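Each remark here refers to the structure printed beneath this line.
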Amino acid sequence: MNDKIMGSENKVLKRIFNLDTNAFAEGALDIKTKEIVGLACSLVLRCDDCVKYHLGKCHEMKMTKAEIMEACSIANLIGGTIVIPHLRRAVEYWEVLDQER
Amino acid sequence: MNDKIMGSENKVLKRIFNLDTNAFAEGALDIKTKEIVGLACSLVLRCDDCVKYHLGKCHEMKMTKAEIMEACSIANLIGGTIVIPHLRRAVEYWEVLDQER
Amino acid sequence: MNDKIMGSENKVLKRIFNLDTNAFAEGALDIKTKEIVGLACSLVLRCDDCVKYHLGKCHEMKMTKAEIMEACSIANLIGGTIVIPHLRRAVEYWEVLDQER
Amino acid sequence: MNDKIMGSENKVLKRIFNLDTNAFAEGALDIKTKEIVGLACSLVLRCDDCVKYHLGKCHEMKMTKAEIMEACSIANLIGGTIVIPHLRRAVEYWEVLDQER
Amino acid sequence: MNDKIMGSENKVLKRIFNLDTNAFAEGALDIKTKEIVGLACSLVLRCDDCVKYHLGKCHEMKMTKAEIMEACSIANLIGGTIVIPHLRRAVEYWEVLDQER
Amino acid sequence: MNDKIMGSENKVLKRIFNLDTNAFAEGALDIKTKEIVGLACSLVLRCDDCVKYHLGKCHEMKMTKAEIMEACSIANLIGGTIVIPHLRRAVEYWEVLDQER
């Protein structure tokens, strides 16, 4: 579906998709920090798909479960217990990623 | 006002306030990363007071403007242009912190 | 400003404003419970004006500070620490209401 | 389920449901503009069911895919990349509507 | 999954989970009022899992459908029609709870 | 402050700012429709600065108050009464724009 959107004539959408690559590239902040930031923002905004995407990136970079749980705990504190169902699914998905390795 | 809330009889509120200290303490993630996470989450949730609080912490830790701007750019991409007015106030406040040093 | 909006030709807005009176009237739930619900919802959605409105109603009905603080603590737990700046302003406003009595 | 809610004794809910018909009727703004507004608001608020509902209305009115994509791109810019998973499902659903015609 | 999170080493998450029990215990406000508050907050924040949780608690306490519908109508008025899909699922779930009794 | 952000070294932020111009340019949808969409999205997301920005654009294009009020009423219905304080400030600002003409 991403390919279809990128293949459409809509320039604004294409550029937003491209910006994503830029924003998470190595820079003043290293890419691990950036993915952790992406993960926590996705959690407080309660988007399961986005959480999974960033968990995948964090897992590829060999981040530890303790690191992930700390990022999640900050998101859970800032975003409140309304975040808990998403936290559960995040922890569940992390286990899947571990098993797939 | 924080003191008044902490001095009240309400246990739940007191504990939430205490958790804040725990969540941002050195752990699997270092405190710089945690404050950057706090900053970005506050931006996507569009809370100026929270943004200022974390900017203050980041400034104390001698983080650079480039680091702050990268965290802000991720928050702005994830959270959209609705975040821009808060970004403006964040940049403004960072200048105030620089001048006060 | 409310009068101006009610005086406009826009039926939908007028009806939304009227519904407000209906929704908070005595019914299966008593009006105290309803105002507490209105207060907590306003807090988790982080609308200071709405919080003040419902605090005013709760104060008129002689609700105690302990009752208000419990409603606030639930809102703060569900909505997270992002709610804290609004909680501070709520407690501040409750003191104003006490002093005005 | 709508019928059950409309059939219940709760006046406030019934009136909210009725207002929906009023708000999207031809007026100072034409109904196409109104459905586009409904679509974009549903996207920034990230409600898939609401997005589908307005996409259905837009499709009935023979709006073009280019029009839909422009509305979506504005919603995606204002609401940020957190909107992307909902955008994907919207584009997917538009294809379903095209196939059903 | 809750057990796994409670069994993890992350203190902040454990404490947030524990606070939940405290916040909804009998106090200045009775537990029925608190669950109604939890239900309405979950609805305006549009979290189906949280709505179901509080509906379950309300059902255990023998609250009536009229009480639930009034709480839902306030949430729907405050939170807008974007809440309607969650309202539908809430009414649906209440019927399931009735049938299971 | 916009100039400062545009003058900074952060590419992602610069591009987001530039996209704004693209997204609201004449296209499959005319610019009036796009500004109405921008206004309604800003209202449901409850950003006063963004609402003012789009009201200014709508006023420049000689849109009528009835058109603005209809867009606002849809936003208010979708977003709920939590939007009302922002609606009030929007109507107030429209009067200022009228007086300045």
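Order of writing sets the labels: A, B, C, D, E and F. Residues in every chain begin at 1.
Here is the rule we go by: contacts are C-beta pairs under 8 Å (C-beta built on N, C-alpha and C of every residue); 3 or more make two chains touch, one makes a residue touch a chain.
As the structure is a prediction and not an experimental result, all values here were calculated from the model.
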Partner chains shared by subunit B and subunit C (touch criterion as defined above): A, D, E, F
Going by residue numbers, if over half of the contact pairs line up, that's a repeat, so tell me which of B-C, A-C or A-B repeats E-F. A-C
Looking at B-E and A-D, which pair shares more C-beta contacts? A-D
Using each chain's Cα centroid, which is most distant from the centroid of subunit C? A
Which chain's C-alpha centroid is most distant from that of subunit E? F
Euclidean distance of C-alpha centroids - subunit D vs subunit F, Å: 19
So, in whole Å, the Cα centroid of subunit C is separated from that of subunit F by 27
Would you mind listing the residues of subunit D that make contact with two or more other chains? 12, 16, 19-20, 23, 41-42, 44-45, 50, 66, 69-70, 73-74, 76-79, 81-82
What residues on subunit D touch subunit B, complex-wise? 44, 76-83
Could you pull out which subunit B residues touch subunit A in their complex? 16, 19-20, 23-24, 27-29, 33-34, 36-38, 40-42, 44-45, 50, 64, 66-67, 69-71, 73-75, 77-79
Could you please specify the touching residues of subunit B with respect to subunit F in the complex? 46, 66, 69-70, 72-74, 76-77, 81-82, 84-85, 87-88, 91-92
How about subunit C: which of its residues touch subunit F in the complex? 1-2, 4-5, 8-10, 12-13, 16-17, 20, 41-42, 45, 47, 49-50
Per the touch rule above, subunit E residues touching subunit B in the complex are 11-12, 15-16, 19, 22-23
